[in-house]
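Note sheet for the following structure.
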Amino acid sequence: MSGTSTLSGAASAPDSGALPALTVEGLEVSVRTEGGLRPLVSGLSFTLARGETLAIAGESGSGKSITSLAIMGLLPPPAVRITGGRIKLGRTELTDLPEGRMRAIRGDRVAMIFQEPMTSLNPVLTIGTQLAEAIRAHETVSKAEARARALEALRSVRLSQPERRLDQYPHELSGGMRQRVMIAMALALRPEVLIADEPTTALDVTVQREVLDLLRDLQRELGTAIILITHDMGVVAEMADRVIVMRDGRMVEEGPVRQIFADPQADYTRALLAAVPRMGAGRGRPPVEAEPIARLSDLQVRFDLKGGLLGRTQARVHAVEHVSFDIRRGETFALVGESGCGKSTIAKAMVGLVPHEGRIEIGGQTLGTLDAAGRKALRRRLQIVFQDPMAALDPRMRIGDLIAEPLVIHGIGTPDERRARVGDLLTRVGLSPAQMERYPHEFSGGQRQRICIARALALQPELIIADESVSALDVSVQARVLDLLAALKREFGIALLFISHDMAVVENVSDRVAVMYLGQIVEMGSRDQVFGNPRHPYTRRLIEAVPVPDPTHQRPATPRLAGEIPSPVHPVGSGPERVRLTDVGGGHLVAM
Amino acid sequence: QDYTPDPNARPGGAITITYKDDVATLDPAIGYDWQNWSMIKSIFDGLMDYVPGTTELRPGLAEGYEISEDGLTYTFKLRPGVTFHNGREMVAEDVKYSLDRVTLPETQSPGAGFFASIKGFDAISDGSATTLEGVTVVDPATVRIELSRPDATFLHVMALNFASVVPKEAVEAAGADFGKQPVGTGAFRLGEWTLGQRLVFEKNADYWRDGVPYLDSIVFEVGQEPIVALLRLQNGEVDVPGDGIPPAKFTEVMADPAQAERVVEGGQLHTGYITLNVTQPPFDDLKVRQAVNMAINKQRITQIINGRAVPATQPLPPSMPGYTEGYEGYPHDVEKAKALLAEAGFADGFETELYVMNTDPNPRIAQAIQQDLSQIGIKAAIQSLAQANVIEAGGNGSAPMIWSGGMAWIADFPDPSNFYGPILGCAGAAEGGWNWSKFCDEALDAKATEADSLADPARAEERLKLWSDVYMGVMEKAPWVPVFNEQRYTMKSARMGGDDSLYVDPVSIPVNYDYVFVTE
Amino acid sequence: MTDATAAERPVRAKGALRRLAERPLALFGLLLILLVVGGAVFAPLIAPFDPSAQHFDGLTIEGAPLPPGGAFLLGTDLLGRDLFSRILWGARTSLIIGVAANGLALVIGTLVGLTAGYFRGWIGAVLMRFTDLMMAFPALLLAICLAAIFQPSLWIVAMVIAFVNWVQTARVIYTETSALSEREFIAAERTLGAGTGRILFRHILPHLLPTIIVWGTLGISTTVLLEATLSYLGVGVQPPTPSWGNIIFENQTYFQSAPWLVFIPGAAILLLALAFNLVGDALRDVLDPTQRGRD
Amino acid sequence: MPAYLLRRLFQSALILLGVSLVTFILLYVLPADPVRQIAGRSATPQVVENIRRQLGLDQPFLVQYGRYLWGLLQGDFGRSYLQKTDVATLIAARLPATLQLMGGAILCELVLGLTMGIVAALRRGRALDQGLMIVSFVAVSAPQFVVSLLLLYVFAVKLGWFPIGGYGTLSHLVLPAVTLGILGSGWYSRMMRSSMIDVLRQDYIRTARAKGLTRGRVILRHALPNAILPIVAMIGIDIGIFMGGIVVVESVFGWPGIGQLAWQAIQRIDIPIIMGVTMVSACAIVLGNLLADLVAPFIDPRIKLK
C-alpha cells in the first residue's frame, strides 16, 4: 500500500455501521436486440463506503462502463436499459428518480470521468466554458469566480499553460490533455462519489502518477468515494481499498485489495494477475540485428498557430523536432514520453497524414517521392493502429466489413476467403467471429481497440505502428494481444513501432526504446540500456512513476512536480533548444 | 352637346383605388396601358375630349375648331385663362411643343404613329426635322394644324393622351423623369408618389371646367392582388378595385344582392378574337378558316368566363360606331365545319398550334377553343407564354393561331378605323407588325383609306357604312374568329356617387375620376 | 473465444429491406408511393374520363365548377373537366418532376458537393465558385429564361428544374463533407490505402444520407410547385396536360369558391412528399446502426 | 481575416460579373423583342426602329453588354424601358421593404423552424414528432398564394388583428413575415431535426449531462451550436430562394418590394429592371453566403477560414 493511503484507505475499510455512499443491489442492465433482451450486466451487487476506493477490474467488455453509466443514469438510449435491481446513492434511490432530480445529483454528488477523451468534450465550446458551467450548474457563483475555479481545477490536473487552455477548444489539445480536462471537470465540484472509467488510460505515467495522487488527495480531503475502473493492476494495487473483478457482466470475485492480490480465489482473477506486466520482468533478449525497415532522419513537424487580425502565423507548435531513428526489421521499437510530446505526430507523419520536413524512408522508399500506386503499395508494408479506437472506425460499418476493408481495397481474396480471414483475425485478437455483424458503437472501448488491431493485421504489413494500442486493454487481453504481436513478429518478421506511456509494457515488449520529451528524443537505446541504466533524469522519473502491481509495495515518496510544464509552442522564428545526443556506450544515446 | 353634371354631386372627400400593377409613368407621351390611361386623362388635357361616360367628342382645351373644306387644315381656338398646375397660362406655343415632343424620336413615344397624318411627320420621325412642319402657332390662342392627307379620325387623335398639352419648362426641368413629376392642365395634380406603393392625386382648384372635379383627392394604392382589393372593398377600405372583380369571386359577388347592387355593368370597346395566319398552310385556305369560325362554340366560352362577355359576330364591338347590326356572323355548326374541312382536303383534320398569353383566364379560354377545334379534327397544341413572347410570335408570323385575350384590342378611341389599320390592314402585316393574321387585302385597304378621307362630319353616316363594308369584307375572308366582346363590371363602394355611366366610361377605365363623387 | 456475448450466433443481420418492411409507417409510405405510381401508370385504365374532356354537364349555368360527389368523383374544374381523371394523369407529370427531376438535382448536387468538400484545393474552389455563381441567380428567373429559350416540354422542364435545383444541395453537402473528411476514421481509411472513390462513396456518402434524404423528400414538394410556377408563367408543361402543381396554380384564386380544386391536388403533393419522407426516414434509421433497437 | 475577406470579396465580384454576363446573354437570346413591347400596337415600323436605335438595341451584343457594364461600374443601372425611370431609383425605393420583409421572414422561419426541429428531435418517434413532420411538409407543399390569402383572410379580415395588406408599421409586417416564415420553416425544421438527432447521440452530450446541466442548457448550449452549423449555410442559400419566392406574398399583402417590380419587369421584358434586380439579388445572395461563411468559424472553432 502506498504511503498516503494508510491515512484514509485503511481507515475507511468497510465500516459496517455507517451508511454506504453507494449501494448497488442485483443490478441488471440489458440491451434490446433483434433477438430480444440480452443482459450486459446481471446480478451485480456491491456497496461503496464513504471515502473508500473501489476498483472494478475485469476484462474488456465485461460491463464495467455499462455499470457506471447505469449509476449515472446515462445508459445509451434507446436500446440499453436497467432491467432489474436497485442503485442507491446514500439514501437516495436512483433507479427510478425523475430526470430533474437525477440531474441535480449528477456532477454534484456523483461525477464521472469518461473513457473516450477525444469525443467526450464539446468541440465548439472552450475548455473554460465547459469547466465553468459544470461549477455553475450546481453552485451559485459568479462567472468570474467559476472561471477562477476552473483555472484552479486545470492547475490541479497539471495542464500546461492553464490560463491559455481556458480559452482553447478541445481540438487544440492532445488526447492526454483532454483527459486531464475531463478529470478537472469531474473533480471541480468535489463529488461524494466519483466514477473514474479508465481515468489514466490515455495519460502518460508521470501524469498518471499525479492524477492518482490528486484523486487520493481529494479523497482524503473530502471523503469522496471513488469507483475506479481500470485494467491496470498497478493502479488497482496502489489505489484501491477493495476490488471487484468482473467477467461477462457478472462479478466473479470481491475482496480487499491485499487479499485479492495475495490469494485470488477465482481462476479468472488468478489468470488476470498472472498476466500483469511487471517492471523488471522482461527477459533479456538479444538485440535484433537486421537492416532497418524504417529510417527517420531529422524529422520535423510543426503546426502553425494562426491568430490576430491579419491571420498570420503567430506561433508554431514544434511537435516533432529533429528526430532521427531507425526501426529494424522484426524489432519492436518503443516510443515513450509524456502526453503531447509528439509521439502520435511522428506516427501520423510516417503514414503521411501530416506534412513533415526531413526524411522518412520506409523499406528504402522515401515518403513524399512516391506516386499514387507507390503509396498504395506502401500501405501494405506499413499499418497504423490509432490512439482513439472509436474515432478511427467508421461508425456506419459492421466490424466484419471494417476488418475486411484493407483486403477489399488491395483486392485480396474472394468474399468467402475474406470472411474466413476476418473470423480468424477476430479470434486472434480475442473477439468472436460471431460479432462480425455488429457495429463499433456496440463494443466496449477495449473491444474496439482490438478491432483496430485486427484491421491493421489484415494486410500482414512489415511494420505496424501501434499508437497506445494496448493502453485501453485489460491486462489479460493486453497480454494476449502482446503475445499475438510477438507471435506475428516471429512468424512474419513484422516490426513494431510501439507508442506507449506504459513503462511496464514497454519494458516487456520492446527491443529498443526511445524516450521523447517535448518533441525531441532525450534518450535512446536497447531496452536493457534504457531500463537497466536510465541516464536521463526524465527517463528515471518515468520509470519511477510506474505503479507497482503489489498492494504491499511501499512507494518511495516522490516529490510532487511543481511549476510550469514546458510547452512546445514557440513564437515564429524561435524554437526549442536542440538537444545533442551522445553515445554513452553500445549505442545508448543520451541527451546531455 | 356638352355634359350636364349630376345635380346631386357634392364636392369634397377622398377615394381609394387599388391596382395590382405599379403605375409605370404619367408622361402622356409614354403612358399607354389602360391603367395609367385614365390617370393621365385626369392630369392632362388635350385639345379635344369626350363627353363623360360616352364616346362622343367634345372640345377640351380648344374652345372650338374649324376644319377646312378639303379636310386638311384644322384650326383650334384655345380656351383662354387655362393654367398649368405650375400656375403658368397655357398658350398655343405649348400645343406645338407638345405635338413636336410626342413625335420626336428621342421621346420614344409609342403613340407617335397616331400623328402620321400631320404634315412633316415623316421628316421629324426620320430625324431630318426637329419640329412638325404642319403645326403652326397663329397667335397665342390659335393653333393651325395641316395634314398631309385627309384623316377623319384626326379629332379623336387630338383627344388621345398622346396629344396632351404639356408645359415645356416643366418637361425640361424634370428631364427624363417627367413621367414621375407630371405637370398638366388637368382636373387633378399629382400630390405624392411613393414608388411601388401609392400615388395621391389632389384636386386642381383652378381647373378650367367649372364645378369639377368633385373629389379633393384620389389615392391609388398599387401592388395589390385583385382578390385582396375586393376583400378590402368589402371591408370598407377601398372604393374602387381598379382591376375589377376577380373571376374567382365574380359569381359570389353577383349572387349577393347587396354587393351585386354596387356592380355597374357596361359594354367596352373590346373584342376577343383568334387570329388565323393566312400566309401559313392550312390557314391559307379560306375554307379552313371558315371551318374554324364555325367550330368555335362562343356561347360556351362566354359561359366559362362566367358570362362576362357577349358572343361576337364581327371585329367591331357592338358599342362601336360602324358596327353592322343584324349580321349573324358564322354560326356554330360542327357538321358544316367538318364538311368545309373535308372540301379543303383536311377530312382528318390537322395539327397546329394555338398561342395564348399565360394569365388567367386566357389559358382556360384557349383550352376551350382547343376542345372545339378537336371536334372537327384539328389538334391544336397550346403555347401558353408570357405576353412578350406571344407578341413576338405573332409579329414574326410564326404563330398559326393566337388567342388575343389579355393583349386584345381595347380601342384607343371610339372609331371603327381604330380596329383596322395595325391589326387587319396591310401595314400591320409586315414583319413585326400587330396584324398577326398577316391578312392583307388591297381592295379592303383601299376602301378603308377612302373611308378615312371622308373627314367631313356631314358625311359621317356614309363613312360608317364604308367601314361596315370593310369589316364585312374581312368576315368574308375570315382571317379572324371574333369570339366575344368583354363586358365591364366595375364595383364600387356604397358611398360612391355619380351616374353609372361614369363607372363604365368607355375611354376612362375604371372610372371617370373627374366626375365621380362621394355621398358622405 | 471468451467474450461477453460469445453465445451470440453468427446470423447475418436481417436485410435492410426486411427491417424497413417491419416499420408500419414506412410500409404505409411505401404503399402510398405504390398507389401514386400505380395511379400514374394505369391512369388510362382507371381514369373514368379523358382528363382533358370538357364536359357540358361539368359546369353550372353560371360557369361554376361542380363540387365532389355525383357523376364526377372529385368534382370538376373551371372547364368542366373531371378532377379525378386529371389528378390521375397529373400524377405522371408530377412524378417525373418530383422524383426524376428532383432526383437528378440531388445526384448532381451530391456529386458536386462531395467532390468539392473532399478535395478542397483548386477542384473544390472551382466547383464551389461555380456553385456560388449558380446560386447567385434568382433560381426562378433562370428557370424562366431557360425554359423560354428551349421550347417548353415536360422533359425540358424537368431538366431545367434539375439544373437550377442542385445548387443548394451541393452547398449543404459540401459543408458536411468538409467536416466529415476531417474525421479520424477517414484518415484511418487513407492509411489503409483506400482510393478516393472508395472513401467518397463507401465512407463519406453513407454519412451524408440523412441530409440527402431530408433534401430529397423536401425537394419533392418544392420541385412539383416550381413546375407549377413555370407552367403558370407559360414556360412549364403546356395545358391541357395536367400536373398536380398546375391544377393548383390554375385554380388557386378559387380556393374559397371551389376549394376542392386547390386542396385535393395540394393533398396529393403533400401525401407524395410525406410518403417519401416516411420511407426516407425509416431508411435512414435502418441504415444508421446506432439507431437499431428503436421502433 | 482581412486577407481572406479581400479574397472573398474579389471572388464575389467575379461571381457578380459572371451573373451579369449570363443574365445578359439569357435575356439577349430570349425569343421576345422588348422594343415591340415599348412601342405598343399602334407604332409604325419607323417608330419601332427609332426606339430600337434610341435604346441602343440595334448594337451588337458585346457593345450592349460593354455599355451596361460600364454603366454598372459607375453605379448606373440604366433606365427602365417602360417606366422611363432610373432603375437604381426604382430598386432603391423598394429595397428597404424587401429587406424588412426578408429580415422578418428569416427570423420567423428560424424561430419556427428551429423550435419545431428541436422539439421533434427530442420527441423523436413520438406522436408530437410525427405531427411536426406533417406540419413541416404541409409548410413546404403548400401553395404560397393560398396560404397567404388564407392567413390574410383569417387574421386581417375576420379577426381584424392586422391591417389587410400594406406597408409601413410593424403590424403591417407581421402577417407577410409570418406567412413566409411558416412556408420556409418546413425546411429548417427538417434540417434541424436531422442535424439535432445526429448531435444528441455524441459523447459530449453525455458528458454535459453527466455534469448535471439542465436539459435546457444541454440542448441550447451544447447540442444547438453543433447542430446549427448546417443551418447557417442554409440561411445563406435561403436568401436566393427568397428572392425568387417573395413575389406572391408581396403581391397578396401589397408589400412594395422588389419581387413585384421584378415580376412585372419579367412579364414585360423590361430588361434594365430584370438586370438590376438580378444584380441586386445576386449581391444579396453573395453577401449572405459570405456572411454565413464568416460566421461559421465562430460557431465551430474547428473551421478555419482559408
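For this structure, a couple of remarks:
Each chain gets a letter, A, B, C and D, in the order it is written, and its residues are counted from 1.
Heads up, the rule we're going with is that a contact is a pair of C-beta atoms (placed from the backbone, for glycine too) under 8 Å apart; a residue touches a chain by one contact, two chains touch by 3 or more.
The structure presented is a predicted model; accordingly, all values stated were derived computationally and were not measured.
By number of C-beta pairs in contact, A-C leads over the other of A-C and B-C. Among the chains in view, D has its Cα centre nearest the centre of the complete protein Cα set. Work out the mean CA point of chain B and of chain C, and you get 47 Å between them. Averaged Cα coordinates give chain A a centre that lies 50 Å from the centre of chain D.
Averaged C-alpha coordinates put the centre of chain A at 88 Å from the centre of chain B.
Among the residues of chain C, those in touch with two or more other chains are 148, 233, 253, 256, 290, 294. The set of chain D residues that touch two or more partner chains comprises 31-32, 149, 153, 201, 266, 302. Those residues of chain A in touch with two or more other chains do not exist in this structure. Those residues of chain A that touch chain C in the complex are listed here as 31-35, 38, 40, 59, 61-63, 78-79, 118, 248-249, 348, 351-353, 375-376, 378-380, 383-384, 386, 388, 391-398, 405-406, 409-410, 427, 430-437, 439, 441-442, 447, 452, 455, 459.
If you check the complex, the residues on chain B that touch chain D are 18, 20-22, 24-25, 27, 30, 32, 105-106, 108-114, 116, 122, 125-126, 176-177, 179-180, 194-197, 221-225, 227-228, 231-232, 234-235, 237, 386-389, 391-393, 395, 409, 412, 421-423, 427, 430, 432-434.
Of all the residues in chain C, the ones that touch chain B in their complex are 52-54, 56, 59, 61-64, 78-79, 148, 152, 231-235, 238-240, 250, 253-254, 256-257. Only residues 31-34, 36-48, 50-51, 53-55, 79, 82-86, 89-90, 93-94, 97, 149, 152-153, 157, 164-167, 250-257, 260-261, 264, 266-269 of chain D touch chain B when the two sit together in their complex.
Residues 25, 120, 129, 132-133, 135-142, 144-146, 148-149, 167-168, 171-172, 175-176, 178-179, 182, 210-211, 213-214, 217-218, 221-222, 224-225, 228, 233, 248-249, 252-253, 255-256, 262, 266, 269-270, 273-274, 277, 281, 290, 294-295 of chain C touch chain D in their complex.
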